[in-house]
């Protein structure tokens, strides 16, 4: 009775990174930054993956092969039916955004920012994108953000594309009044420390249920303990306790 | 490195009974009465199923939906690739057969007798077939045996087809000098008790490995303990201890 | 029609399906998905005297057909919980089962007393077996004498029937079960989680911040069935059986082993709809095995 | 190139992969499939003083990600086994590990003595933990004192290094491990199977003729890792780790928990080629985690 989603495409778009389109009932997905929890045959726990784009009943996710589960996912042919819990988590609150938000993504933190960018544009904002990767091989979605009309800067740790360094080394290329960011913890922390701008930060945690029942994913915030899967994954800057 | 077999067809041929054709390397299958051990995704142990027919690299098996594993098997579409250990067990020794062997099968004990019938005919014997089922709905392969030219009698427990009763109630319809039989334990025992004819009996046991390593399937015989998966599933009449 | 009803001390259940403690919160998240009044009852999250944050994260790891958790009894403390329970009847009308934990006998007693006047609580389940708390929590469940002491102390104050929840991490679970029965327990719940560990190959460290965690899910089912079976032969008080149950067939198997009702934990974390699915398929499944009244099969496997 | 070699008392192994007792017979069936000299070593089927038929069938049941077995130590008795071992070198050139069981200390001693002169036996593994034999077999493994007595008695006669194989069905495995170490054990093997049960819903009886059986396979892996981890911290003698290992990654995890070598049982019954597959993929897998010599990661998870 969870939703059934059918794999439409599943293609390799960067080193170990795959883009999967799924067809199914997406009605529960209301905000960018929400995630879906995907059951994979042979694995006990579901895998949480952010919604990257939404077009009616067609949902796009982008994932990196990290361990056995995502490795298995990357082998699924079109037509595979997956059991999915859609629309989990709070997602980004676009109403809080300033007029010129900067979207900062690191690695597989980039995908949810794509749907976010579309929503912000729809709301009349003028977002820009700063995307961090390890190397040119890992880069994806630069063109996609550009095609949406965003000023898009890529930073790579080895300098093989764009700015050499981490995202915070390229912050000065932007004028912004708000931040939306998603990526590895050290990146989130560096962004937090390097800027005073208000903003929203999306976190990761290992999950049991993904819908608030097990207390597996709890983190400490300025406003008490929160479940990353339910009151998160997005925390407001002022809530964060490092 | 076990053999990969691809499902070619998987069709319902009687109540809860399916015929599956598989394509793969069948070279290890040398005798009728041998079985294959099939790995099913999501199940820890393999499922032992007798070889029913062999045509080069095409193997036919016939199985009944009994529990969760065979239920799952019945849903597999053509093209599914399965991991199979082929050619297990001793199989029937057709050289020992008399000139007019009677093949007695009960339920899903019938399938291995089909490949056996073909081999016996090739060897110049004149086999006949006596097939027992619960009800007309359950009957399968009557025509197949007839098409091979065997006199074929069906017995059903409820009398809805052929002789009313169990196989031993129809024994007197045959003149035979040897018996090959496969079916549920009570049937094997009844056949053994009702006839003096020499013959070979195929047994079932729950298996761990299926290839002789775990001692999970051992049964007592007149010649010491034997592994049903290795020195069986076929025992000679004189070996049997009930 | 198959009769699904079963009986526990002080509770008549429409069916034996009960979400297990720590895997259902207070039911709120599930009530958002479907009407949870279809359940036999549910056990709410383990509660202690003082509020507890629990263990640092990661608290969850995956295992073959199961999971490890090291939540460590995160809860707002019994006083807050008692207050919140007043609102429970807005989405659940039946009696619930309260799960309490403690680090000293006094703490167990304190929690049990607080629950005496909470009308919606039908049974108190005393968790002497949580493997994820340091400082003695588990010691009560691995030693027959301490188990009996906790039982006696809680029974002395509790106005509700008391079930003791046993740990599977013991050499002889029947010894502990009998000690609890002798000390006055009205029933037993088993099993809690098996102590396990995973190691992160990249970090070369235990994956869970707490190092070890409790194993649950289908992987433990055969261990749970065995323990329920053994305890059923050792005691006369009713058993709530759990550990790896994830289908209607598993419910029947657990009952045949000796359970009067069946709790489900990990399987409901993976699939929140499983309680509904199991309750809906129980009649048909029972019929397949010639079962007319579920009550009839309690201990039928002996 | 990754160095796969590891060392056990009296044995240098090309790699840590060792088929576990009772899951490999004497290797004959596997030697028919591929050259088993690729193995680090193997442990042969548990042997007792007298020949044993074992338990009635069914002896095997399936469980989620695992299996139950109640074979019950079927073997032709140590005298016959010793004779047969003379032919082993026709298809296996390396040293093997002998697994012995008994119902009294004398029987263990008898078997150990018989093996003193069998050149190809490198280590004696003393199984004080088989859950499938009635009449005390398991009692040795669930009580520290008895475990120490068996160890001392076997050590007094054995000319080969002695590993004691521990039962996981205990409250505190470190206590038993330390008792064995103090009594002179050269090493420890863990874990044997967890006691489990399945019930046949149609027959309303335990599925196994023996009622209970030993659970093994991937389901038990996290329990095994936890126990190896705990025992590694409690003793100084080497550990052979096992329980649910079914991939090269699992081998590494078990070694990081503290195992000097890794045994594989149930996974090889499901897939007889798994030993070969794991040994072939170990170098690549190790490299992925920056491992140059497997020896370096023994206990690295602590």
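Going in written order, the chains are labelled A, B, C and D, and every chain counts its residues from 1.
The definition used in the following text is that a contact is a pair of C-beta atoms (placed from the backbone, for glycine too) under 8 Å apart; a residue touches a chain by one contact, two chains touch by 3 or more.
Note that the structure is a prediction, hence the values are computed from the model and not measured.
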| item | value |
| --- | --- |
| Neighbouring chains shared between subunit A and subunit C, ordered by label | none |
| Farthest-lying chain, centroid of Cα atoms versus that of subunit D | A |
| More contacts between chains, B-D or A-B | B-D |
| Whole-Å gap between the CA centroids of subunit C and subunit D | 34 |
| Cα-centroid distance, subunit A relative to subunit D, in whole angstrom | 46 |
| Inter-chain centre distance, subunit A versus subunit B - centres from mean C-alpha coordinates, in Å | 55 |
| Centroid distance [mean C-alpha coordinates] between subunit D and subunit B, Å | 36 |
| Of all residues in subunit D, the ones touching two or more other chains | 61, 63-66, 217-218 |
| Residues of subunit A whose C-beta touches two or more other chains | none |
| Topology of the chain contact graph, where touching chains are joined (line, ring, star, complete, other) | ring |
| Which chain pairs touch, all of them | A-B, A-C, B-D, C-D |
| Touching residues on subunit A, where the partner in the complex is subunit C | 1-2, 39, 43-46, 83, 85, 205-209, 211-220, 225, 230 |
| Interfacial residue positions of subunit D with respect to subunit C in the complex | 61, 63-66, 68, 142, 169-172, 194-199, 201-202, 204-206, 211-212, 215, 217-223, 225-226, 229, 244, 249, 252-253, 256-257, 289, 297, 300-301 |
| Residue numbers on subunit B that touch subunit A, as the complex places them | 41-42 |
| Parts of subunit D lying in touch with subunit B, wherever the complex brings them together | 22-25, 28-30, 45, 53-54, 57-67, 69, 71, 74, 217-218, 266, 268-273, 276-277 |
